[in-house]
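Written below as structure tokens is the structure these notes are about.
Letters A, B, C and D mark the chains in the order given here, with residues in each chain numbered from 1 onward.
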Amino acid sequence: MMIVVMKKTATVKETAGVIRHIEELGLKPHISQGDEKTVIGAIGDERSIDKERLLGLEGVEAVIPILKPYKLASREFKPDATVVSLNGTKIGANTVTVMAGPCAVESYEQVREAAIAAKAAGARILRGGAFKPRTSPYAFQGLGRKGLEILARVRDEVGIPIVTECLSQDDVELVSDYADIIQIGARNMQNFSMLEKIGRQSRPVLLKRGLMSTIEELLMSAEYLLANGNYNVILCERGIRTFEKLTRNTADIAAIPALKTLTHLPVILDPSHATGERHLIPPVSLAGIAAGADGLIVEIHPYPDKALCDGYQSLTLEQFDAMMKQVKNISAAVGKTV
Amino acid sequence: MMIVVMKKTATVKETAGVIRHIEELGLKPHISQGDEKTVIGAIGDERSIDKERLLGLEGVEAVIPILKPYKLASREFKPDATVVSLNGTKIGANTVTVMAGPCAVESYEQVREAAIAAKAAGARILRGGAFKPRTSPYAFQGLGRKGLEILARVRDEVGIPIVTECLSQDDVELVSDYADIIQIGARNMQNFSMLEKIGRQSRPVLLKRGLMSTIEELLMSAEYLLANGNYNVILCERGIRTFEKLTRNTADIAAIPALKTLTHLPVILDPSHATGERHLIPPVSLAGIAAGADGLIVEIHPYPDKALCDGYQSLTLEQFDAMMKQVKNISAAVGKTV
Amino acid sequence: MMIVVMKKTATVKETAGVIRHIEELGLKPHISQGDEKTVIGAIGDERSIDKERLLGLEGVEAVIPILKPYKLASREFKPDATVVSLNGTKIGANTVTVMAGPCAVESYEQVREAAIAAKAAGARILRGGAFKPRTSPYAFQGLGRKGLEILARVRDEVGIPIVTECLSQDDVELVSDYADIIQIGARNMQNFSMLEKIGRQSRPVLLKRGLMSTIEELLMSAEYLLANGNYNVILCERGIRTFEKLTRNTADIAAIPALKTLTHLPVILDPSHATGERHLIPPVSLAGIAAGADGLIVEIHPYPDKALCDGYQSLTLEQFDAMMKQVKNISAAVGKTV
Amino acid sequence: MMIVVMKKTATVKETAGVIRHIEELGLKPHISQGDEKTVIGAIGDERSIDKERLLGLEGVEAVIPILKPYKLASREFKPDATVVSLNGTKIGANTVTVMAGPCAVESYEQVREAAIAAKAAGARILRGGAFKPRTSPYAFQGLGRKGLEILARVRDEVGIPIVTECLSQDDVELVSDYADIIQIGARNMQNFSMLEKIGRQSRPVLLKRGLMSTIEELLMSAEYLLANGNYNVILCERGIRTFEKLTRNTADIAAIPALKTLTHLPVILDPSHATGERHLIPPVSLAGIAAGADGLIVEIHPYPDKALCDGYQSLTLEQFDAMMKQVKNISAAVGKTV
């Protein structure tokens, strides 16, 4: 990919001219409107690009190749941080945005109780699984469409947007009909055909890092979404697999600042799956914020002991409320608001 | 799951009676016809089973719960090894079945040349990717349907069945129209909705272990296929991710005998992805056979230096031919034929 | 091991009586003087203990077995946090104690410059390697005794205690002659004979987690030190080996609160080795403190580009000073002082 | 390091002249006498070498730098395979040399029974631990000197050389007084000061790969032994740590052919620690030989259920005898004798 940096003084007409030229070469233009300058990415076979010719076009300041394997996701293409907006909520705008809710949607009452408590404690987004990825075909697979309906009802009643996972290409439209943010789970991070399909719809996406995936692979999967037209992508570190078995996974805390350097996309932390241990969730959440995360996604449950899944790693509503007080303290210490 | 072991002397009518009883309880019966005895698995909510009642039915010898999380895939359910038959070729029948071919289908000529050489050297099945899972959205994604057509044409001309990967739920029918064996790649091992869909069609399946999936998770993914009705499943060890970077992955050689103990399904080894280094493929292939593998799947290419993908880990046709001589020696030493 | 909990009202004489009884059984007594109660551990063959007899002794409140494999290191044996005192500096006393200095001692001038800057920025302890563990026998192995002399001279001139690594059993006495804290490096975490020897001397010990070691194994190695009589042990998380290669190691941030739960010993973080990337050290340091670490050990160098080892992961003195301002902010947010 | 390749026709006097020249430069010469040519390595600061001057010396054919970080251990330095000779037994000479015996020396009777059975089944070397590395300070640490005496007595009576581990620098002389081969365990692979001391004595050394050490690090540790003058080094793959928990470790089978390519030193496999499961030891042993291993080191015990350590991964004497029949078959299939 080549990126064309337009002059600060470039007119809309000049920018349009560059876009047209790129399209005529059979390449796909991607536009990034920065605070000061507009940058146009040209994706496709670079050999069709005559760099001198491009430099000669009106309003063009520079033509630069992006050498990293991820292009649209890179800071080189877009130096300014991406902010994902969701009605009033902004993710990535010097805030710590907390998403909370039950692992699985079990009932209207359960979700409603969790949503009210989450919002009261300071969470901005409600999480909840309607479709659950389960290792066993015999385990509870989620309520499906009925779960989505519960989430949507609670959203409307409580006034909190929802994030929920899409598990199957066949459900992309269904999930995007209900969700405010579509989640792609760790096991599907490299389900490329689902990535393409979700990239072509317009809901913001929460992309979780695979248990076995490198930081670069996470960015490459984000690139699938961006290259298909969806620029509202939130990345999520959720722990990787290692030899250590005291915790369910190992939270790769350095991945947060590493990602923030490499990409303009917001990065959040899932302390629940990263640790798998209730008492470790608050300290690891604070660590994530201190390391620069733009938010958290936390499992909470009104009655964890009765949860249909992941109860042992769900905070009670009281524990979540207590944790949020610390979250606010740490956020303030790094100059962010919750 | 409970399994009902029928007496050696049980009649077809008695067996049918047990099946009917299981269905009436709202459970799903799965039948395993062993050399000596028939075993019927009852999958569903075990609480609906009255064990004493079942034991009282005609022809029933024993009623046993399966405690392992995988049921139909376990040796407890089916002590005899599963043999996957494909016209003349049998996988799992005390043979070493070698699958070979290029990483990606590039052209009719390339596939044909590889197929003729593979067959001449002793391979029984032709591999080749029409749909390629690629980390980058900008990398060569395979020829798609055209690639399937090339594979099918070569199959008919050369007389060798084909195995090829399905990358998307949307392509399950398309791939099963052309392939003799449908491959599920490492990145899709836990793409549960695709597993369910492939489980409902009738082609044999080659299920590859994920890069960071445990042996038990591989068996659970196989269980998704079996529980949906497809019993012709071949498992494939293809290396796992570790800290060691001299090789592309780390071949988990002990997974082969471990799997052979835990499951009745055939197990093969992919030495190409497991090592990622051409010169390590022959010794690791021999190791796989010595460890009890039922076969190999190997990347070969007429001109590896010109390959569109994985050239560095593809054997030349001459190297493959030389390796197959050693494969035959080792196979004979463990009492198997190639 | 059994632990004998003495009553709050137990007299010195009663405690001495219990100790004598334990010794008469051929067991080794370990005494932990808590804020409220005294606890005596009896290590050795438990079968020689008559629990009823012990309970009958004057001043004994309870006799409890410790089931965890680590005994003296466990919170069960000693619920109060251990505070390691070093002249005025206290490690583990609701403070964040920062240790900083060069990877290797190169010259008096280099160490002095680093020490002055470290102290000015708020570091309490000077680190520096006189003996360097090197993968290659041909790499710079450190200045040895001369390095120790430089460290000691700078300590006296600048007024800051020193921590330095012991690499060989033969050097335990030499290092303890110069160091205020003896460091045991990751590669020697399971060098049990060196652990025993260091356990028998009286300097406080900084025990680093091995690259390949579980949290439990770290505690077991600490147990070697404690069982040999040295209770002043500081544990250090320094990153573990995983498949991720963007960072040198993966900082196991959850290990910090996990350790704080399991043991009474202070726990610090080495962000330099954990990340191996200069720009990741500040955010990971802050994360460590937010997660509950009692301190940090950081590599700094007056001129990192000229460093004989680890220059790429050493902060400049200015970078360290800037980081310490953030460290103070985060420490305050978790209620600690630096 | 530079290596000086002597002409085939070079005289002893010419070779001596080159050695003298290297010493005069302040470098350390290492001589490798190949089948056809003599090669002299010059280790030290390469800047002191005047390559033209060296090339001008009588009998010198070529002067070549070795770029790999390991020098004396590399195939570049010594293309011919190293054969470690031990009375009649040769390790590395196109043979499969099997070492077998109990994990820990428990009694004269136990060792003697194991030794007789091992020898009868075809093992050439007796293994047995007198000093045991134990995670817990409270676990059985081995019989120490008494264990060495038992091993030596059995060696003399049964007529089989012994390999046993040295755990402490302080014991190097003691162990070398008794052992025919000194073993360095996985936990001490990077105990550099012990490596140096063992490198300076003359017994052959069995160097085990660390649980989380790379192949290159294993070679670097071997280099410590060679650089200190001990060229009789046998490398041992014994499994590495991964996320897979069904087996104790993951046997890195590809490490065997990878090592055989990179180094001239013999390479053996420890299937007992690599798998930790009795029933997996025979198939993984066969895999190791098929992959090119020069031998095996296997834990056996007359009564595994009563073993003081590692009983669950020890073969009975009958199982070992049965396995050795298969070992002979596979060895023959790869053109080797047992």
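A few comments on the model shown:
Note that in this section a contact is a pair of C-beta atoms (placed from the backbone, for glycine too) under 8 Å apart; a residue touches a chain by one contact, two chains touch by 3 or more.
Bear in mind that the values here come from a model prediction, so they are computed numbers and not experimental data.
On a Cα centroid basis, the chain most remote from chain B in this structure is C. A count of contacting C-beta pairs for B-C and for B-D identifies B-D as the more extensively joined pair. Annotation: 38 Å between the Cα-based centres of chain B and chain D.
Inter-chain centre distance (chain B to chain C, centres taken as mean C-alpha positions): 50 Å.
Those residues of chain B in touch with two or more other chains are numbered 212, 241-243, 245. Of all residues in chain B, those touching chain C in their complex are 212, 241-243, 245. Partner chain B is touched in their complex by these residues of chain D: 212, 214-216, 240, 242-247, 250-258, 261, 274-275, 277, 279-280, 283-284, 286-292, 326, 329-330, 332-334. The touching residues of chain A, counted against chain B in their complex, run 1, 43, 69, 71, 133-138, 167-171, 187-188, 190-194, 196, 210-212, 217, 220, 223-224, 227-228, 241.
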